[in-house]
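Report on the following structure.
The letters A, B, C, D, E, F, G, H, I and J name the chains in turn, as written, and every chain counts its residues from 1.
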Amino acid sequence: MINAIVLINTERDKVNLVGEKLASIEGVSEVYSVSGRFDLVAILRLAENEDLSDLITDKMTKIDGITKTESMIAFKTLSKYDLERMFGIGE
Amino acid sequence: MINAIVLINTERDKVNLVGEKLASIEGVSEVYSVSGRFDLVAILRLAENEDLSDLITDKMTKIDGITKTESMIAFKTLSKYDLERMFGIGE
Amino acid sequence: MINAIVLINTERDKVNLVGEKLASIEGVSEVYSVSGRFDLVAILRLAENEDLSDLITDKMTKIDGITKTESMIAFKTLSKYDLERMFGIGE
Amino acid sequence: MINAIVLINTERDKVNLVGEKLASIEGVSEVYSVSGRFDLVAILRLAENEDLSDLITDKMTKIDGITKTESMIAFKTLSKYDLERMFGIGE
Amino acid sequence: MINAIVLINTERDKVNLVGEKLASIEGVSEVYSVSGRFDLVAILRLAENEDLSDLITDKMTKIDGITKTESMIAFKTLSKYDLERMFGIGE
Amino acid sequence: MINAIVLINTERDKVNLVGEKLASIEGVSEVYSVSGRFDLVAILRLAENEDLSDLITDKMTKIDGITKTESMIAFKTLSKYDLERMFGIGE
Amino acid sequence: MINAIVLINTERDKVNLVGEKLASIEGVSEVYSVSGRFDLVAILRLAENEDLSDLITDKMTKIDGITKTESMIAFKTLSKYDLERMFGIGE
Amino acid sequence: MINAIVLINTERDKVNLVGEKLASIEGVSEVYSVSGRFDLVAILRLAENEDLSDLITDKMTKIDGITKTESMIAFKTLSKYDLERMFGIGE
Amino acid sequence: MINAIVLINTERDKVNLVGEKLASIEGVSEVYSVSGRFDLVAILRLAENEDLSDLITDKMTKIDGITKTESMIAFKTLSKYDLERMFGIGE
Amino acid sequence: MINAIVLINTERDKVNLVGEKLASIEGVSEVYSVSGRFDLVAILRLAENEDLSDLITDKMTKIDGITKTESMIAFKTLSKYDLERMFGIGE
């Protein structure tokens, strides 16, 4: 399983709308509206590298109202939980 | 369940060590070492507001090697998964 | 009682108007027009986490003239005053 | 009554200690440990301009563990509450 | 006498025009067009706190062509000159 | 008369000391301790370009406790006051 | 052979289109769509300094959808590979 | 001779045009299109302070396509060359 | 083949030394010392995701003299060259 | 002739010393101590690309007291003067 975290800024009155659209995309596991400098944080969980490219450079760019994104690809995942089994992705 | 995302920078040679220490703390659900401007991203999942305060302003400040943190508290969580049940936290 | 501080920038000629609209919203305890890099600082005082989400991601986004906000959620409050009693919020 | 808001960063393991010291200073009405880029937010409420100068450029600079501060002086205060009476300052 | 310094950016072709308008406002003692990151620096000298609020959040916001301002309120003034007498303001 | 404005940051516990040392230097007309991101603002008023170079790149660099400076040279000065006569510099 | 690396930001929905246009220009050896703060990274490999000037200040500025670029010219190249031979450029 | 260096950003497709216009202005000695965060660097060499003010706050602001400038005035010039004689400016 | 670009800052007198050490690591295809805000740019070309994690969070953190890194993972690679064959990696 | 402009910050009390050392290096045509965010600006004029690499990544890194540099390589030079002849470099 490949994990990525995306920090997102939206037009002021579209935070909730963008959040809902993001959450409905396959591969987007969770979307949080958050306090601080960013509006939304999306957690992507995917089986393959290729899906990630498709998700970030194609599907996410088509959502209206996003003004800026900064994506971070997880090198390593440390967790007390068996995330792959829980989210049913990967191995 | 209260969720928080913490962006973390560490001393260069302590990324993995800090990551392991963070992951062992109760309430820290996942720790990712990531590409980009930050070194680690931690996802906190807790039952109560009070635990969050204790985790961020007390327990996390005692880990040696962290140079900067920026925490974001989730207002709303959108997910196709039943995260509360999966992580067994809060109702 | 949950406290949050929001740093706000507005369109140049709408500082006072935005300030007045913010101050009239329930849960917004005080609004200060301030010197420095920001135009307004709002202090939110609420009984419940849910109200905060509603206030920041919904009600505040509908005020015209705000260009940027950065919200900070209080983990802990230290005061010589009994703020909960004074503001009549929370336990 | 003159109000000022101060954004504060501290050495990582001194957030709580600095917060307590700040809260004990006369004229510091509230201190919040907060999520985000800053560690603490202090609200100062004073009767006179001179006290503010004394507080920010003298008393606060003597607290050990503060690494950066950014103060904002309130030009105008909008509130549903009678803050001067509640905090017993001014008038 | 209360002193404030305001760092100002303007639309590129309005530096001189904005400077002249600012200089004509009562309470604005001097306006400098300057080298560096900012276009203008205004020095405000006033008798009362209230005038400052009025000047910065009302009169200055009505000047067309200003894109950004950052105001700094003087806590203390050190000078070999008797500024209050020279500018005929305050005591 | 040549005017320059210098934005100054100091070590936290040396704001007042640095301010006093600066104010005693010939050519430094006024020093303000200020709210916001900077600690001090110095106004330099000199008869000659050469004095300015000497003041900024030599005399001011010898004051202990200054951590950062950003100087701005005035191209033009707009004022209701006859600053040259008042400060007895230039013409 | 002269190498240059260009960090590129594009309008959100034009990442792939801009990438393809860049990749088709002579002298642009590789274009990567990337995670993080930038959208694309282009590697330029050219025989002559003059071509680089032409590429960056002329050809690349004509591609629609680029919002910001930051170019870095390589002083020295260290590689286990014989890049000049592999890319058929220079000596 | 007074020297100033100006860092300039332009609209993407006007780098060369703005550069040519700048180079034709009296007092602008050299204009370089450059790698990195800025688009152009202009070197101004003038006999008098007044010309500099006129050049930067008037003539340069009338060139279409400039989006940002940051000017730096030289306090001192160190060179193995006799720049004043070479450029035929000043004493 | 997985590609990553790493922007690197080093201690001032260790640019060349760090560059040579980086270039000798397996998986580091090219290292460029560059003009601008960064000191070095490293291009990583690897067969597997796991190697990338090992390279960035372990091997590269052990090189003395690096002060900051910002890594970017390539989602997609566009090139007129058959990079995989040329560098003998992947497929 | 290849031109490069280098923006330089130094330790506060070493501006003049660093400036003099830089000016004595072959290939460094002019060094200016300047107003604003930077301390020094160096203009490099060289016959060959290789000399530039040697100057920036080797000779300049050996000068004590420099804290940060940002170099910009000139793609194109526009000037009313015949710089190559004047500085006796190139052609």
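Going forward, contacts are C-beta pairs under 8 Å (C-beta built on N, C-alpha and C of every residue); 3 or more make two chains touch, one makes a residue touch a chain.
On a predicted model such as this, the values are computed, not experimentally measured, just so you know.
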Of all chains present, which has the mean Cα position farthest from that of chain E?
I
Interface copy of D-F among B-G, H-I or C-E, judged by whether over half of the contact pairs recur:
C-E
With respect to inter-chain C-beta contacts, which pair, B-G or C-E, contains the greater number?
C-E
Quick one: report the Å distance separating chain C from chain J, using the average Cα coordinate of each chain.
50
Counting in whole Å, what is the centre-to-centre distance of chain B and chain C, each centre being its mean C-alpha position?
26
Take the average of all CA coordinates in chain F, do the same for chain J, and state the distance between these two points in whole angstrom.
28
Enumerate the residues of chain D that touch no fewer than two other chains.
16, 33, 35-37, 53, 56-57, 70-73, 75-76
Please output the residues of chain A touching chain B within their complex, sorted ascending.
3, 5, 16, 19-20, 22-23, 29-38, 41, 43, 70-81, 83, 86-87
Per the contact definition, I'd like the list of chain G residues that touch chain B in the complex.
35-37
State the interface residues of chain F toward chain J in the complex, per the touch definition above.
4, 53, 56-58, 61-62, 66-67, 69-73
Of chain H, residues touching chain G in the complex:
12-13, 15-16, 33, 35-37
In their shared complex, chain G is touched by residues of chain J numbered 2, 49, 52-53, 56-57, 73, 75-76
